[in-house]
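Two complexes, one shared chain (subunit A), two partners (subunit B, subunit C).
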Partner chain A sequence: MADRNIEKVEYWRWEESRWQNPEITDWRGSLVTAGVDIGSTSTQAAIMADGKLYAYASIRTGSNSPSSAVDAMNWALAGTDLTPEDLRYTVGTGYGRVNVPFADSTVTEITCHAKGANYIYGPTVRTLLDMGGQDCKAIHCDENGAVTSFMMNDKCAAGTGRGMEVIANLLAVHVEDIGEMSFRIDAEPPPVSSICVIFAKTEATNLMRSGWSKEKVLAAYCHAMALRVARLLERNEMRLDFAITGGIAKNSGVVKRIERLIGAEALRTDYDAQIAGALGAALMGKALYEKKGGKPR
Partner chain B sequence: MIANYGCEDGSGIYYIRIDTGKCGDCQLRGCVGGCPQELFVIEEDDWGDEMAVVREDRRRTLQAVCAACKPQDRPPDPLPCQSACDRQAIEHTW
Partner chain C sequence: MSTETLFEKAELRNSSVTAWKEQGKKVIGTVCCHVPEEILHAAGAMPYRLRATGVTDLSEGDTWMSTFTCSYARGTLQYLIDGTFDFMDGVVSSDGCLMAGRIFDNWKYVDGNAEKKEFYLKQIAAPRMYNENAVGYYHDYLEQLRTELGAYMGVEITDEKIRASVALYNETRRLIRELYDLSKSDAPVISGTERLKLILAASSMPKEEYNEMLKDFLAKAGSRPPISDYRARIMLVGSALDDPEYIKVIEDKGGLVVTDALCFGTRYLWEPVELEGEDVLTSIARSYLKRPVCPRMVDLHDEFADLIVKFCKDFQVDGIIYERVKYCEIWGGEGLYFDAHQGMKEAGVPLILLEREEIMTNVGQLAVRAEAFIEMIEK
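Presenting the complex of A and B:
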């Protein structure tokens, strides 16, 4: 009889992470602010001391957004000797921003991503593509990271982190391997035609049945996703420098295809581009705390 | 800031574009009462300045919501929302 207890592999599950800045050994005397970005698929918490990144954690969003916020913040705090009481001002952002129980205020993810990208990539960023779990946004910003225009397309999950996770599960490929695998092809296949993740799933299944390799299907899916966001970028006008934030920024299969389509290279960073929203929220926390004369709320 | 609210799908590109820099010292707020579908609301931006935004629950269905104002044979120019905004802050992409 077959073993019915075979562990189910969750191919969509990406690695949760935590980082702490080794250059900050003592935060005392600094203005410590925090940001929490609750997205539909991931939650990040970032802590800054005097506007310098001190620590962050990135976890999967659970079924309960407030506890995801608490878990992410506790993990970011672990290893520092900070306690939650040491956070002078905390900003919630993202799709679940109203569900950060310890936030002093909320700020839209558009503002936070632009601020975060300005920190991560530097003041030359003028066009930002935020590819989140459930939508993607094209944002223009100035040298201070202030938003000058934005356009978002949230009609459907294709072209988003969630869409990529669905395809990872369908093809039994770990989500973090998709980018590299999508280049193991002889020639670039045409993009999958569907812009809806449900139909893209059906189309991918049919392509596999007709003899396409997983690599070729992944290439077609990354191609479709890149086409979709390249159109959004062009619609909102491309200004250089250009950068990408959000989980998909780590998927080379999509990033390189976007670069090919728009004819410009995205800026690279050693930071995790997925934390831009939380980082920008922590920076907004500093600005709002100072604007309100040093008083939370 | 130029804010584009809406979406695109296989059938077209449906965004309402608002130049929110013009909303700050707008006294009349004509957009709020001027749209028969009550698409516009006034909200504070992240810095506490007031601006018009398109209601979040309507952004995915703008094509259908605005259809009554845009008969295909004879679309009015300007649209009711544009007439109501005396600062010319509103544009449509379709």
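Presenting the complex of A and C:
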């Protein structure tokens, strides 16, 4: 029997990206530092010249963290005339921070995200929600982007980026379209009762069988995810201004529902909020380099 | 004597336990630091505080206690059932907390051979308040313990014997306070990981031998290399913590644990038992009940918070890690209380709550939280 020719689509696969600052034409004479954020799901490399974002790359974390770090950094460097030797200080961050082979030191993603958000959103940010691939964090920070307290979620992928990817695959909806699609509904449905990825998958399947549209299921899932992080924010007390970093910051279906639940709008930015960790790491690299009198390590 | 020799005593079945058993003497396990070890010691038994250090399998504990109970209690029950504590000749438990109380109940139920093996099993009630009624009530249980344990051991536990044991234990307490004093300086000569091992050793070997070994350790402590490359000075408060590996994760990230308010720490043997001329067991009951040990003492919350504030000052603490075993009944809501306590507010020492399980499966999650906290408070 001949095989059916079915195109295999990976709906979860978000677009990897690279960006370079057109305003920086010559980095020579600048202190060039870098940050690499190896998350459970994505890896970013950011390069800064004198504390100004020069280039970044964002890719999927592969099965090998060190090679993900190298790949991300090589892509960020491509197009610039920088070589790895020109990076004066590199900080590794994220869950794979100890697996950045060329890092001079490591700093946790909590500290780096606060620093990065301070750069991206400005010094008024006091509460930061970092929604990553497999965890989320509610962070308080001061006007310098220094962490003053933080709270992390539990130990699984429930209600995080990876959970969203699983739902995208299940419903055959591109992950980047989920946010917009989740508002194509007549009325907001109740949230799915569980955001455990396993149970939510079962529940979503059942809802589809019972006649719910994909949009309605997505709305219910985004709603549940928003509820979960709203509780995390409440537990750590809400202070304005409020901002979101991490991949889910790009999902309007979750962001707008969080805003509705907490009664506050998140700051908006033209930057890719997913690079906040790497960006913060590069800024930490600059600070550490200067603190150590211009010597790495 | 090398430090390693003393650290070896922190092992569950250490060389002192083996030597004790070879002499045909009895080891009595205790649950909770509200079992006055002095009475067991006066009977000629070796008190041994039961714990779950290093447990990796909770199958028996889960079977009998359900996974919705604290993993420290389940781990201790596991060791009782799986034979790890087969050198025990008895168990004396207090109702220190509901979870720990169930270790005793379940084991008594599970181990049908306990009576055949001539085990001594006793549960005493330790009131959760400190007042004269509570002292009297607790005293009555201690009197029962004295009578029944004496019969089991075939000795009379006289006041004189108890007084001698109290003197010995007060010496242990004095030495342990001296041990903690080592961490008050800017460059302590002992880490929190090492110190916990020394406290575990205290709970797992004869005090006569321990006192001599600790004295020797303290006399030579000056020659130990000072630790100055830490990033922050940490105090640990919270649920029973009997695993040095937990502290090691924090210290590997640069957070030197300089003090604690833990029942396998300063709260184990610290405040001396005062024999004030009244009945000896009344004095013991009073001394044990008036200690601010943990939030189980419902009318000593202020004293407990005051103690934490005092330790913060004495040990130059930069931040407090409040570790709570999942489903811990005693430490469930203490964070809210700390937030409201005036002394804690004024001290302004940053505090983070970290939930944990007895089995160290979440090292990565602990490490990132501890490291971020250290980055936050680092000066």
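Just so it is clear, the second predicted complex is superposed on the first by the 290 of 297 C-alpha atoms of A that agree within 3 Å, B and C clash if a C-alpha of one lies under 4 Å from a C-alpha of the other, contacts with A are read in each partner's own complex, and residues count from 1 in each chain.
Note that a contact is a pair of C-beta atoms (placed from the backbone, for glycine too) under 8 Å apart; a residue touches a chain by one contact, two chains touch by 3 or more.
Quantities reported herein were computed from a predicted structural model and do not represent experimental measurements.
Undergrad: Sharing subunit A, do subunit B and subunit C clash or fit in the superposition?
TA: clash
Undergrad: Is A:153 contacted by the first partner subunit B, the second partner subunit C, both or neither?
TA: The answer is first: A:153 touches subunit B but not subunit C.
Undergrad: Tell me the contact category for A:109 with respect to subunit B and subunit C: first, second, both or neither.
TA: Only subunit C is touched by A:109; subunit B is not.
Undergrad: Please work out whether A:95 is in contact with subunit B alone, subunit C alone, both, or neither, and reply first, second, both or neither.
TA: second
Undergrad: When the two structures are laid over each other on chain A, which of subunit B and subunit C touches more residues of subunit A?
TA: In the superposed model, B touches more residues of subunit A.
Undergrad: Contacts for A:274 in the overlay, against subunit B (first) and subunit C (second): which applies, first, second, both or neither?
TA: neither
Undergrad: So in the superposed three-chain picture, is A:236 touching just subunit B, just subunit C, both, or none of them (first/second/both/neither)?
TA: first
Undergrad: Touching subunit B in one complex and subunit C in the other: list those residues of subunit A.
TA: In the superposed arrangement, which is not itself an observed complex, subunit A uses residues 107-108, 111, 147-150, 152, 155 for both subunit B and subunit C.
Undergrad: For the complex, which residues does subunit A have touching subunit C?
TA: Checking each residue of subunit A against subunit C gives 95, 107-111, 146-150, 152, 155.
Undergrad: Applying the document's contact rule, which stretches of subunit B touch subunit A when the two form their complex?
TA: Result: residues 1-5, 7-10, 13, 15, 46, 59-60 of subunit B touch subunit A.
Undergrad: Mind pulling up the subunit A residues that touch subunit B in the complex?
TA: 107-108, 111, 140, 147-156, 195, 231-232, 235-236, 284
Undergrad: Quick one: which bits of subunit C touch subunit A in the complex? Just the residue numbers, please.
TA: Counting only subunit C, the residues touching subunit A are 350, 352, 362, 364-365, 368-369, 371-373, 375-376.
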